[in-house]
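Pasting the structures here.
Paired with subunit B in one complex and with subunit C in the other, subunit A is shared by the two complexes that follow.
Right after this comes the complex of A and B.
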């Protein structure tokens, strides 16, 4: 793998599928679905290949790509590279893990898309476009490119929710667009201020310019401490909407409930993680001092998220809402880890991003299977599912266990590592946060047991258990969740170098 | 053999996966897979034990997770305690596996039951082998999962669902204490390994407050798992599970995990007087508290459940009184005689199809094997001389007395009296008197069920002789590496213990055997006390009305805030945008004067802003 176009190839490989799909008549359901699914395989294979090579010791720096793209201004007194936006891609262990997660979940979500009922062609076109955006976000080498890819996820997602969603889909799509648009606008301001002041949006250069005193002297215009503080706050809000941080979470509840389950797999599995990725990459990466300054409050926000989501999930009548609030709650663990500001905490936060991606996708995959048969996910209207659908019920229980952090599954590793981190620096906050561990068990068991255990409520339904085709993605996810839980070193190893870099930035 | 001790838990794990995958097709032949696998576990455990008898501790570790420069390891250790526990656990599990073949016969989910048994046994054996706290915690939770699945085995029953949920959540509350204690220890010691923790506790790296704090936090975990007051309420409800499960999990092994944890961390506890006292007081209180509830219950399994809670209290009392050996010794004898009692109870339930002891009676003749076996168990738990429970209970009483816990000593004595009374009450009501049930065809259980009981009965008698003041304290010497302190116990303690248990038996005989004392003697004289006991001190109700309602109230409150305040603010912002937009659009009315005015105002605003900020934003 010495081709310098590897990353571009990886990111844009779904384009091939989009083009091919254009030639398939839209009435041919099977072909469209099959082609749509197959189109997600190239990025998956490429990313797995890269991951494998990385584990074998390949240096990811070799994959960096750089091409001049747009130059604003043409003043002779500025150097060539000032105000130049390059098309540049590069990845480290952290981004690579996120890319693998993205391409994997996309493939599985494509498999779960067999339950999509209409306009398959348009659906898969948008679906693949969404994948390009998601992959690009994690590989972007500068903030402007990051922003472009981020917006690229926004548009297809809007239509996917608004067109293929449930009953109240349009409202959900608009609130998705509004909240995220607002977040993007704030993010854009931050990016532009940084760009205007420094003349670059490249992450490494920015990092250098913001922190190296020598480089700081060469800035077009210096950044005062106060401005940095405000930029950080703005950045935090922008990604906080995405994550989401309470009280910016209302939009994602609607998306969770209204969007088709296959899309929610990506939404909860990857899109929310972009918030976490942004916080870690830009928040810690560019503003370590500010991050340190606010660390206590970030941890407190994390605990609030954790408990707020947990308590709300406890009284929801709709299983999807339980999962939505559970996502809010679990994103709190990411903040808890970040607020800890030590290696364990950051590792825990990244673990949680990956682990929640797997678990949320797993649970929504089951929701899609369930909804297909019962036409409802209202908890009270289900019950005793273990009798008619033992396999699905068993998997739901496994998902609940993973979600509540049962050791041996990925959820425990992230929860444990994040709390391990926070207990070192802020033991009191952490101790309050552990209440969330109990509450998660309470709401998860309440919801899942009421659906699967107890007397059977639905004798009318000819509910069949999941078919083999449906079971394959379910088991792939389950195996991954358990593997990470049993042997977390396999996830810790690729992240090690990236986390060390961040710790250096934070100053130990 | 010790190098391959890690294989011991893998046999039942294999059984779990194998039966989940193909068990459905195997139907009841699944039992043989489970039995064979636990037999292999047991044999290997025995080999490990013999190896350990002559050797020293063996330990092996591998990197499990790295956090920066910190390496967390996973591995296994064969210490004296571990090797001993391996044998106890795998033996009881093996016997329960055999017994279940008869008991679960005809159940639709027969193979699933065996799969779950395998998972549980795996977790318990893994717990016992763990060389560090983190790994212990991992298996600790998995044990909880196994228990949860087995309690909820009859998932279609509302009670089983509630019981499974309750068991998981109540123990999880305790687990959080364990979790916090473990992490705090880690940051103080820099390692999860038991050895490092003990070293730190010894050389003073750990401050006294930290030792006490972490020891008590971890003890909260033990309280949850071992059904100690105030987290005991799940254990009696756990009787919703099939009876073999009650024997294996809720009598012999899992509930003993809490005791095991305190024992495994004993040097940490010893370093703090306060922690030791807490353990002793909680244990002693629970022993008496549960025994009083056991006096009046009428469900055969619930009586046994409360006796388990009570006996676990004894073990905690022993540990808190500084006698590591007495705790483990009683854990062992209790594992055998309580498993025996539960299995015998299962045999009775199997025959009469009820758990209500008021509806039994007269079974002594009908069940010529179960009756005597149950009697042996009852004699053992009552502490009648020459039975195993006598020796281990005596050891605990001696420990409490010599450690200076006079009040706790007398509490333990009173508990011994109650225990003898309610156990024989149970015995006479079930086996004595005349028949009160409507089952016509009562017959003895099949050999596959009675055989394991016979083995346990032998052990319920014989296990006491591994550690007696008369023939030698083999277990104690070995567990403490020869450093066992031979306390010269006052002889009257043994006499008192014997007297109270015989007195309890005599009283039970008077009331339920001979009936020369009216049965409602107690309930008619102290009706309020009686109903307090009958309702288990209203603890469940108390929790429901406080914690339960509070959680719901907070949730509902937050849900209103979420729906109206948070959403309201978002709506307000949207409305503001909407209004300002319509205001803006009204300005575009086509009149040049208007446009001019807007332009001018805008320019003025910009100038003002720039003037104030000095052109520097």
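Right after this comes the complex of A and C.
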């Protein structure tokens, strides 16, 4: 694996599927679905290959790619690379983990897309475009490229939600578009202020420009301390909308409820994690001092998220809403980990990002199986599942256990590590936060137990348990959740180097 | 002037203008001598070919050194060449639209339609090259008067008549204000030549004179805001855009706006950049008036984008959208950064491509239904998927989504606004916020095209002229979005317009 085009190949391999799909007649449902599913395999295989090589000691720096793309101005008094935007890709352990997660969940979501009812061709083309965007976000080597890939997820998501979603789909698509558009807009301003004043958008160079006193002299225009503080706040809000942090979470509830479950798998599993990824990469990476300054409030916001999501999840009648608020709540744990600002905290935050990605995808996979058979996701109307669909009900219970943080499953490791970090630095906030963990158990069990064991309301619906083809992705996810829980080292090892780098940036 | 002096001018520098002029003459004569029952459509092809040749001729002039002929009234510098390229490209695309313009009642004066478009184009070209207030005004009026007639060329349509009348009246007022502003500068400097003016204003150190000069500046800004359809003279745009024939609407929104920015830049940079001032920045009147331009830019973006939200008529929607884009372009101007002209040029290039492309599709669908309501876009994806995707590309570009030329254009303007010290954070914030607002109406069209069912099942067939336009525009929008360095290489030949003031 010496090819310097490896990352480009990985990111853009779904393009092949998009092109092939264009030649399939749109009435050929089976072919389209099969081809759509197969097109998600190349990135999965490539990323797993890279992951395996990395675990064996391959140095990821060798994969970096760099090509000149556009230079905005070429005044003679500027240096060669000022205002030059390159197409540059590079990854470290952290981004590689996210890429593996993305390609894995995309393949599983493609398998779950068998329940899509109409216009499969357009669906899968947009689906693959979304995958390109998501993969690109994690591999982008500069902020402008990051932004471009981020926006590449915006348009397909708008269509996927607005066309293939539930009853109120267009409103959900619009709130997705506007909230995320606003988030991206704020992010763009931050990126461009940095780019305009330093002349570069490359992460490493920016880091150098912002923190090395010698490089300060080479700035095109000054970046005062006050400006940096504002930039950090704007960055935090931008990713806060995407994560989402509590006052900005409404769009995410709508998308959770209205989007087709296979898309929600990706939305909850990957897209929300982009917010976390951005906060860690750019927030901690570029503005460590400002991050430290606000760390307490970030932890407080995390606790608010955790408790708010948990309490509201408790009163929901709709299972999708329970999961939506549970996502809000679990994103709080990421903030808690980041607010701790120590090694355990950051590791916990990243663990939580991965673990929640797996668990949310797992639960929504089950939702899609349930909805396909019962046409409802209201908790009351789903009572007595254990009798008619024992396998699904069992998996649901396992998902709930993972979500509430049962030891031996991935949720436990991440919550434990994040709180461990916070107890070291801010014990009082952490103590309040633990309430949320108890609440998680309460709302998850309430919802799932009512569904599995509650009184059966459906005598008319003939329900069949999941078929083999549906069961395969379910079990893959379950195995992953358990194995991360039992053997967290497989996640900790690839992340180690990246976290150490961040700690160095933070000043130990 | 003796014959000798007349002959020693480098007339070759005016080749593009001559080509357009001769094409217009040939068309008008051909129209005169052709039998009445003969179809005039082939004339449009001649017009298109003429404009394309003029475009090539302009491109051929790029390496030439800057010259000024006819007693400094006609300048060929990199600025004029760069913007003439845009004007000619936009003009050629609009002529392709005109080729396939089929209003319900038929068009009785097709020949006139084409050569008036050429005359208007010629006016825009002269504006780009003028080095004197007189030539500048002649160009402006040639463009305006031709446009007035063109807006009303559908004689039996009440809307078209209304559009022409409104355009004439508000255009007349704007011209009067522009002239009034010019008269002040003439009074202060005693010359109409821009170069001499730039020299004369430097001597106006007395604050009373500067007061008059500032007044002239504001009058010119207000008067010229008519051509670029920005606040305060933007109200004509929706009515005129809606009533005018679609090719003319496209022409007004693209060529006329470009020409407006050309004289705005030419006048303000030449005259006011050199003038001393007492305001915020004593070195230059232009810099001290920056805030006024910024306020107008902000208002233009806010008004254009918010009012567009309520529109059902596609042409009115695009009128407000074009007001909004004028606002973005004004941000590039108000920032007064090094990349000011570069960023405006690139944005206009993107704007020409995406807007004319969108108008081609609007024309096809509104001609068929004789109404430009958004509802006729419903289900376009079923009726012609390729056309729907092309429209998608134009809308994404207008909304400034990455992968399209519109994004790179916006990026460049932002860059200009943020690289100066102090940075124009407020202006950039307004621009980005209104851009997000614009998503609502651009994606509203998406909802019609892709989500709504079609009223009629018949697939949409595109006539040849429109096909060429849509293909060229979509290709260009994507090309400059994915490989923007191609356009920057062209731009690099103009060397940041360093010969602007020589």
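Methods note: the second predicted complex is superposed on the first by the 508 of 508 C-alpha atoms of A that agree within 3 Å, B and C clash if a C-alpha of one lies under 4 Å from a C-alpha of the other, contacts with A are read in each partner's own complex, and residues count from 1 in each chain.
The rule we apply is simple: a contact is a pair of C-beta atoms (placed from the backbone, for glycine too) under 8 Å apart; a residue touches a chain by one contact, two chains touch by 3 or more.
It should be emphasised that the depicted structure is a prediction, and the values quoted were computed from it without experimental measurement.
Enquirer: If subunit A is used to align the two complexes, do subunit B and subunit C fit next to each other or clash?
Expert: Superposition check on subunit A flags a clash between subunit B and subunit C.
Enquirer: A:64 contacts which: subunit B (first), subunit C (second), both, neither?
Expert: Touch partners of A:64: none, neither subunit B nor subunit C.
Enquirer: Just subunit B (first), just subunit C (second), both, or neither: which does A:38 touch?
Expert: It touches nothing on subunit B or subunit C.
Enquirer: Thinking of the overlay built on chain A, is A:178 touched by subunit B (first), by subunit C (second), by both, or by neither?
Expert: In the superposed model, A:178 contacts both subunit B and subunit C.
Enquirer: Just checking: does A:189 make contact with subunit B only, subunit C only, both, or neither of them? Give me first, second, both or neither.
Expert: After superposition on chain A, A:189 lies in contact with subunit C alone.
Enquirer: Of the two partner chains, subunit B (first) and subunit C (second), which one does A:496 touch, if any: first, second, both, or neither?
Expert: first
Enquirer: Using the touch definition from the top, say if A:229 reaches subunit B (first), subunit C (second), both or neither.
Expert: In the superposition, A:229 contacts neither subunit B nor subunit C.
Enquirer: Check the contacts made with subunit A and report whether subunit B or subunit C touches more of its residues.
Expert: B
Enquirer: Show me the subunit A residues, by the header's touch rule, that subunit B contacts in one structure and subunit C contacts in the other.
Expert: Subunit A residues touching both partners: 178.
Enquirer: Would you pull the subunit C residues touching subunit A in the complex into a rising list?
Expert: Touching subunit A: residues 338-339, 342, 396, 401-403, 407-408, 411-412, 414-415, 418-421, 423, 425, 428-429, 432-433, 435-436, 439-440, 443, 446-447, 450-451, 483-485, 488, 492, 496 of subunit C.
Enquirer: Which residues of subunit A touch subunit B once you look at their complex with the stated criterion?
Expert: The contact residues of subunit A facing subunit B are 178, 246-247, 249-250, 308, 311-312, 314-315, 342-344, 347, 384, 386-387, 401, 406-408, 412-413, 416-417, 419-420, 423-424, 427, 430-431, 434-435, 437-439, 441-442, 445-446, 449, 452-456, 487-489, 492-493, 496, 499-500, 503.
Enquirer: Which stretch or stretches of subunit B touch subunit A in the complex?
Expert: Touching subunit A: residues 63-68, 70, 137-139, 141-142, 145, 152, 155-158, 160-161, 164-165, 168-169, 172-173, 175-176, 179-180, 183-184, 186-187, 551-552, 554-556, 558-559, 562, 566-567, 569-570, 574 of subunit B.
Enquirer: Quick one: which bits of subunit A touch subunit C in the complex? Just the residue numbers, please.
Expert: Interface residues on the subunit A side: 68-75, 83, 144, 147-148, 151-152, 154-155, 158-159, 162-163, 170, 174, 177-178, 181-182, 185-186, 188-189, 192-193, 195-197, 220-222.
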